[in-house]
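In the two complexes below, chain A is the common chain; its partner is chain B in one and chain C in the other.
Take a look at the complex of A and B:
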């Protein structure tokens, strides 16, 4: 028994792995590592993606594989290059990830988030916009905004996001360098002083869930100001961004009125962040077919998914296509699955799987599961 | 026919009755023409011809009954033949063709044209065939006028079948004795004599029944096969080659191997074959196979993602993977109608059909065995009134 497990271990770690790279820092990734997998530190993974950020099926797979391995792919490399070479004193550049279903937009975003974390960006990451606007768990809390007339608040979602924000930016928030520029009065007895650290604002939102949406609004304003003052550089990542522009949400007010995305206070807040009226930042959003209902998934191009409104809101932006696997990437992925004993059987299987999955990463993963 | 037969049966009687011109005997003999007594024979009628009477009495009841039946059948067949010929002439006139040169093939074509039928089973469609083909042949009389059977196995009930078995057993015995002689060097076997059984098979039960003009049971057919196998397996079976080959059918040769088209060449110098009319269920389309290629598949302008489900994609890929050509040819398809499984099935057949020109004979054989070159003619079965589906019956409920 012992010898067998020993043999397994030897086989797993001794062979010259052609699908894996030892370069664990995304900042160091370049064309040489293209198509190879790198492993995320589990602690860091928990910090960055503990509250969402990785697709559910991918997360299950990482649990099975007992590691979070991400493939270094061309779109992520391009984006890293762009961010690195762009002038930070200029208005923030918007990048739009687009591509067919299951080609790895979210994983590319995860890779970029890791990069941003390495580079010391302040991360503003929305894991999945539809979680707010389109997903209706049994107890979805929804209240009319007390401060803004005609708006709807999602306090619990907002508080959950603040926790996510806090855990992603632990180190930056702990250092207390980031100060608030003005005083925020929440009620007669509650207020946040001018010059108090940003973490105080976040903490307030988490403890006083009622004000969470307003806190996020204030937080976004503060982040923009801080970035403009070059006190921090900000990395904005919003997955499923096109959900903000789909004409309807699934939310209903207590009077059974349908809610449009513009009436949700979080929408206005994050749309404020994705304008290019601030500097020292990078904005990556993704346009995803899965973020809208089946009837509106005819095309995967941003112009269709973002509608005219969203397109004009983002314009000008840099479109970045996340495509299917190339041959090299496919073989590397198949080898990785074989290493994880996820894929077994004769080597001819790869050719067949390549055709049946049409090199689509998600389909490939799905089809390997029962093999 | 029956007339001729009876003439042979009664050679003496015939000469005798012609001499005497006895109308009663003549009626028995020449029954197909309704003979009425002629005036010249009236005189003779009055005479008592004892010999004839005593002979006449020898005709058994069974013979009489047979003669009657035979006459009836004969007349019936004549009438049918006459009607068939008239009908054929009518048909020829209707089709505006020459009645004299109108063959059975033309008849079939005309019937198909004039009475188009969508009935599934071809046997149930309207037909017009010569009466010999439509009505089964009958056995000739197996006994003489005294009712004594000709055949020594008549009382087995299946004389030809048991004669066959008898002969086969006899042949086996002969072969055994011949073998003994060879061992004792009293006979020499023919060095060139051989029996090739690989190119033919035993007659099927139906075919054997037709040859024997007798119905046989499954057990009897199995016995036939056993005995013949035993005979054929003996070392000097070539001595009864004629006997054995009477009961064997040649295997139909593989016809598809002959008509493989040669690929044409496009402007790039690449060989291509276009298969039109790729059909499956309600899907119709055409498939172009180009070689050499890189394994690019185009279906209605899209790639393999045209099909959402894995099963359909696998259907399309199966002939390519089976022949190992997935990286060596390009496929272009135009397909419409039906659903994904019908469309993928049609493409699968089209690809396999087109690949015939690019593979060797051995692979062709394997493809044929794998069922790649077989069209799937199954169609959707209609819903029946009174039940929820084609076969599904309503849920049974006590009340």
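Take a look at the complex of A and C:
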């Protein structure tokens, strides 16, 4: 019994293995660490991804493995390299992550968010756009916008996002350096003064859920102004961005009319953020097949998923392909799974799994589950 | 008994007389009495079913039937005369030891006589190679020589660009007509038509899915008329009408917008606008331009602009693939001044 628990303990802390890197800061990652896993600090993980950001299956896996380990992969390194070498005084550059289902677009984005956090970016992160437009839980609340004619507000979703924003940018918001540029009047008695900190605006949105969508709109405007004034640098990450351009959402108005994405006030807000009319920022969006219904998943390429409108909105963007595992990455991952006892059995199994999973990271993980 | 005693007393009477007396009692007993005269020792058998009478004698009829025709055929006969046309199998006409039919394993299939299986299947006994040869020889006198200049597929295609496809059907049923024979298909290479840029585009739009981009073939099929000749006229009419309509330029064709374009022209599209806007923004001289100014903006001032233009055009025109997208990514990186992707 003792020897068994000792063995387990050894496994849990097998940090000296060949598939791990001791380099825990994404800013320091380079080609040497490619294909190796690094572990996220649990507190930081909670701060960054506590309110979404990691896919559900990956989250389950982190629970099983009792750690959040992310593989350093080429697309993330490429993107970090691009962000580092881009001129921040130039208009913000749009990067589009694309790739087949389950190849790790969201994990790459998580890696980049960690990088942005390390580098002191103000993070504007939408974990999954379809959560707003395509998922219909029972408590989904939808009201006609009081301020903008013909628009639809999603106040609860907006407030939840503000909490996410607040949690991700705790340190930056606490310092109160970021001030808002103009006065916002919400109602007769409620207003946010000019020069009050950004956190006040966020707090208002969280406490007064009714105004959450308008608060986000104001917040985005303020962030753009602050970035332009070089008071902060901003990192925008939107997962499942192509949902904004799919012709229909699953939302219905009380009169049973279908709502298009353009009629949702959050859409206009985030489309405003992803234009390149502001500087001192980087915009990473992902085009994901899973964000649209099955009938429209014919191809994983961005032009198809974003439609003409989305392509023209983002153009010129840098396409970043997130592909399947390379040989090196696959072996490293298999070793990691063996270390976590997720994969057991004879070593020949890896060749077979490589074939059956076609080096698709998600499928590999799934196929290892019963082994 | 009293009578017997009386007879007995009259001793002089003969036995025959005695018999006469018995007849008074039973007639059948009389015949039995006769038999008894011959073999009185045997028992008589009561034949209830009368088996002996029912047995029929097998009649062996001697006939003067001729041997089978198939057996009498000469091996050097002209088979074409024996079996001149398509007909159902007949065992006596075919001098072949044919067997056909399903039997349990180990047994031989039934022979050709009275074999329905052989009669069910169609046969080609009328189309033996010598028969075909002789028939071809016979119709050769009606044929003309193949034109010597049409010696290759290309030459045929050049001089006879229109291809008409019809089907003939052969029947052994009372009617020789088949409704499918009326269908006429016309095929022509689009490049063999005399069309310019506009009319070619219009022609393709008019024929719709009848044009195959990969083989460059236009296929028009007509089956709406009852006779083949009518359908043939109709496909010819359709081709002529589409051709001349393609050359017409209607008033409303001037309203063609960017969405109606058959190909992606980068200069007229939003992609150029966004590139120009980005360029002006980097130079801090953003101003609102009219559509005409956007179109005529010289992209050679933007570094890598030309390459970007080609990349977007190929992405839109050739469709998305890893290759076109990679080219696009490289072009964008060059324009935005980003480092190139490292190949590992």
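Before moving on, here are some points about what is shown:
In the analysis below, the second predicted complex is superposed on the first by the 362 of 371 C-alpha atoms of A that agree within 3 Å, B and C clash if a C-alpha of one lies under 4 Å from a C-alpha of the other, contacts with A are read in each partner's own complex, and residues count from 1 in each chain.
As a working rule, a residue touches a chain if its C-beta (ideal position, glycine included) is under 8 Å from a C-beta of that chain, and two chains touch if they have at least 3 such contacts.
Just so it is clear, the model here is predicted, and its values are computed rather than measured.
After superposition on chain A, the partners chain B and chain C are seen to clash. By the document's definition of touching, neither partner reaches A:294: not chain B, not chain C. Legend: residue contacts after superposition of the two complexes on their common chain; A:93 is shown touching chain C, with no touch to chain B. In the superposition on chain A, A:304 makes contact with chain C only, not with chain B. Of the two partners chain B and chain C, more residues of chain A are touched by C. Legend: residue contacts after superposition of the two complexes on their common chain; A:78 is shown touching chain C, with no touch to chain B. Contacts of A:149 after superposition on the shared chain: neither chain B nor chain C is touched. In the superposed model, A:358 lies in contact with chain B only, and not with chain C. In the superposed pair of complexes, A:316 makes contact with chain C only, with no contact to chain B.
Working note: chain C versus chain B after chain A overlay, options 6-14, 96-104 or 294-302, clashing stretch identified as 96-104.
Common to the chain B and chain C contact sets on chain A is no residue at all.
Taken together, the chain B residues at the contact with chain A in this complex read 295, 297, 303-305, 310, 313-314, 317, 321, 326-327. By the touch criterion given at the top, residues 31, 34, 74, 77-78, 81-82, 85-87, 90-91, 93, 276-277, 299, 301-304, 312, 315-321, 326 of chain A touch chain C in their complex. The touching residues of chain A, when paired with chain B in their complex, are 348, 351-352, 355-356, 358, 360, 367.
Of all residues in chain C, those touching chain A in their complex are 269-271, 274-275, 278, 281-282, 308, 312, 315-316, 320-322, 325, 328-329, 332-333, 335-339, 341-342, 344.
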